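Only one structure is covered here, and it is reproduced in the block below.
Residue numbering begins at 1 within each chain, and the chains themselves are lettered A, B, C and D in the order written.
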């Protein structure tokens, strides 16, 4: 490597309201090189990406693109220099169609003053075909599931002939098949001389495509070496300074009376004849491809979707779940999949985000709040779940993804439900936190809660669930005992 | 998704620096400056008991309406019906007072009727607020449309009931509410303080208040968190209705009459006060203290300019300019902090 | 006797033609007598804003207040406060108000309203349909004029018929215009119109003129020549009446100074102001005979 | 074409039709050319305002200052020409008013795009500041001898006819201004990249910034455009009324916004259509110009208008809410 790198970062620093997110970060990316940026939640990866994209201005340091130095970039400069970013939060336009979202950057760059629907559609079609997915082009993005949004964001980044494509956790919401096609795209980009900066918590993927891995911890670069010099364990250790094992829940009593029984549940075509039972202390996994009805089932159990048929029993008592209030009253909790819009009150404090589920417990007969109690409990949970935050009063939006997820978990754990449904509990969560969350799940089971885990992370399902239900087209098609199967085989059964 | 008026971090403020960087701190400084300038321009007239008492009689009516407006704004809504509710409530109370008691009534008849009329006005406020809450919460109308429509209905009912003319002839004792004073503290001011304390308690000390703020921040997440948005919405507009009715009673007593079009200029004014007071019009954030400071700075400015015989149009200009200047100062502060 | 008084005139709303003309009278009075007489008014027509101006005036300890109330009832308590503070209070356009020393009226409202109907009836030949407009249903004087006019029609022009109810225009010419259009559609035979707010006849006149009905219809109402002159010229408005606000402003201030000097008005006295040469008293109300009729022939004599 | 019953436009359209049917049942005279022309003429100014408001709402902002801008531009233009005493043809007068409106729109833009202040706060401030400045420093006297150019314009009629009694009814050329504004804005919003950028920043200004849209530039355009439309609406209002009254127009802002929201635009930004907006305006104008025909006494008119707003909005809102619930 004698030629000048495509992009060089020199001593980049950035702090937010007292948090030093980046501290003298330097590394470089060569043309056509696939570099992985690894690090725990909150280590500063997304911040670094935003600086490269020109969305945030660094406090110090400079970025050099093909020999030209910038103390700070601007989105338009970055785009003009061939940098395309797939953001962790997608940065899509919910009110525009899929086609428009995909083609927007290209339209901006083309200099056309008028828009041409046909041109836009053709471009979007081509790009979606390139990543081998099929999403209705005229659908509004707000109506899409998270994974589809992710795919739209990926397609958009490919619309321009970029020199560097930055991907901030592009695979978190994707199923195995889609991940594979994305990895194939990365290889193709590389072959075409396009560099890729790739961020992912799924370390296996990292090894599949990356040539170089840059590990950052607490805003510092702690290692910057060819991928070949790492293995799974050493990478995890570099990132966190710890070693991990998967925590598996202890066996439960299969004879115990079920805590939750679902019989004949159906909803106009989307769900059909759902039957299952959940026993205290059991961790039940639900696996399925995108659109298989997992989230619909979860929402139905939480009173968010009306059902057409069937019944739900909690502790043998039939319950009518017309709203989340009913579900909560029946002891059911739900950690939603999209924590940014469904889970969190981003601009409110951590304490309030945790307390909001349980205000009644802290209010007196006149509705008086026990504020000390609330604050105390929030601090307690921050400690128990290891949330990295200066205090419980900062807004949740200042936390990194993994820590935000812990706040949502804390809210539901604080409410001590009997049944907890977790939809993608470790989406976008680093391996350290992931292990912690698995520990929490095992601990819940220990305390005889019924836990339902919906996840695309197959090893996770296999590792921490007693049983896995496989859903297809709104039906449960198979029941697999946990641990009896490996991830490859499970993936094959999902796809078959 | 998040609107540009994101709040500052609610970090504990320490020292003058922190005070100045908080919205409340800036508003306090502004209020003190306005007070200082007005006092300096004409101390002999501004710094008198008479002037203070006069101001204390003036602002409570629109300040109470602003509190009612504030509650709805905290949920991300708006209540354009506050003035309509206040007049309808006042008209009903006035009809009771004038038909059941009349100007000569004293003692038990007078007192009883006054109590009845006050109760009736508050009941009208409750019903109007309930209606707003239901229309917004159950039928899902955007608050701006729902309350614009209901405001027209309330005003229209007041016109229809009275034929447009004023209702007169209350027992003398009723005038105390708007014009009397207890140990020198004007009654309207006392009513305002009571309402302000209630709103403050509700927002800062009760579960309902916290729910209002959370609902205003992110309605979808509120649903997932098990907040009963219907119950919160209905209660918010209900409280707003009751406070509007209280403002109506104060206006009615101060005018010793009730009429369908009293206080019509207070609607935009109360929105302006909320916004100057730092209440986020998109919901979620706002402090009663900010609103009180905004009301005070407005009143100092208004009375001071009247004293200087500044035209009332120039007052509008100054008021609009002030709002912009404060926000620009805020914004510059904001950006400096981001760096 | 040589003491210079502070006298504030509080009007319904500042800036509009009517009260600017009144301010001329107030200023003239100040210039003529050397008193510190000045006029203030709120930026929006709202009784509560007037109350606030009055509160401030009391706090500033003026010697006398003259006031044109937007809603007389609403001002009673604050005017009582003024009187209790020893301030002399004179009002205008508020014959029923009680907490004032004197109220001065340019005329009796009923007589003014009857006068309009007399003219309208004559113009329409005593028969046909007519409609009436008020600036606002909550405006007392407008309603009194119109009610008196309707009563006069019933007594004297049995062949005339009012259509619709009182039309409210919110003192907005555009609304008067739209209401007229709608009336013409709902009642194609309507031939007479009486306006109350100063912009009413202009809106009516415009709608009639656009339909080419100016010559076939009769329009009368309160307005100012500056507002209605172009429609008087084309004949789409037939007659307007008004009383000169500058004279009323002058008269109020004159009474105020009389009171401050310890004098009281008497029956038949001459205020030395046109239309108020021989006033009549009724309780606390002083009546003049100060209305002026304007047609296209004499519009030029009133340049305001 | 399949009819989408959950669309706001469809439902508002139904409410409009239902109202027309009701009015015709009460008074068959409703169905006539004079009625149509009266309604069209009375919707010109509101319609132009509404199109401006639509643009702002789509861009994720809100503007309550447009009425003050209109009054300012209209009055200042008229006063200037009267003072100068020169004869300017109507299009010159219009150009001046539009120019002044654009300038005031740019003042809004300075605060919104330049200082990044929330739009509601800025425009509340400028509403009061523009009006205060106009009435304090420019003038507060109504001008009834408007320049000849304006009077000429008001007499330009596009279509005219005669009733059975021999009276005229006509549609002024000013209506074409509304048509042009509608067509132009439709083209802008749907066919130009700038228009799509307006939708984009309304959908998510953060996302827009990140993909390299000059958010500030778009905002400057939006507020200048609304200013220009307001200047146009103001001068049309004054020309048609043949009087420049500086107190006119201010106070309409909330009902115009209501009409636009009624037509399906969202206060949170990113959504709204021209068709919906026009239907919203149609409903408001129709209702407020048919109460005499329906025989509703004046004292009950605001109750009826209020109830119709609730009804007209309630139906689409309830539909939308149920659809959202069903979709989860």
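By our rule, a residue touches a chain if its C-beta (ideal position, glycine included) is under 8 Å from a C-beta of that chain, and two chains touch if they have at least 3 such contacts.
These are the chains along with the protein names UniProt gives them: A = Sugar ABC transporter ATP-binding protein; B, D = ABC transporter permease.
None of the values given here were measured: they were computed from a predicted structure.
Shared contact partners of chain B (ABC transporter permease) and chain C, listed by label, are D. Chain centres were defined as the mean of their Cα atoms; on that basis the chain farthest from chain C turns out to be A.
Centroids of chain A and chain B (ABC transporter permease) (each the mean of its C-alpha atoms) stand 44 Å apart. The mean-CA centres of chain B (ABC transporter permease) and chain D (ABC transporter permease) are about 30 angstrom from one another, to the nearest whole unit.
Chain centres here are Cα averages; for chain A and chain C they lie 72 Å apart.
For chain A, the set of residues that touch two or more other chains comprises 94, 304.
Contacts with at least two other chains are made by residues 1-2, 159, 163-164, 311, 313, 315-316 of chain B (ABC transporter permease). Counting only residues that touch two or more partner chains, chain C has 14-15, 43, 137. The set of touching chain pairs reads A-B, A-D, B-C, B-D, C-D, using the touch definition from the header.
Only residues 14-17, 20, 43, 137, 164-168, 172-174, 177-179, 181-186, 188, 199, 202-203, 206, 210-213, 226-227, 229-230 of chain C touch chain D (ABC transporter permease) when the two sit together in their complex.
Only residues 45, 48, 50-51, 53-55, 57-58, 61-62, 159, 163-166, 168, 175, 178-179, 251, 253-257, 259-266, 302-303, 306-307, 309, 311-313, 315-316 of chain B (ABC transporter permease) touch chain C when the two sit together in their complex.
By the touch rule above, chain A contacts chain B (ABC transporter permease) in their complex via residues 17, 57, 59, 94, 304, 323-325, 327-328, 334, 336, 341-349, 352, 355-357, 359-360, 362-363, 366-369, 371, 393-395, 397-398, 411.
On the chain C side of its complex with chain B (ABC transporter permease), the touching residues are 14-15, 38, 40-44, 46-49, 51-53, 55-61, 71, 73-78, 81, 136-140, 143. Of all residues in chain D (ABC transporter permease), only 27, 29-30, 32, 34-35, 38, 42, 132, 135, 140-142, 144-145, 163, 165, 167-170, 237, 241-243, 245-248, 288-293, 297-299, 301 touch chain C in the complex they form.
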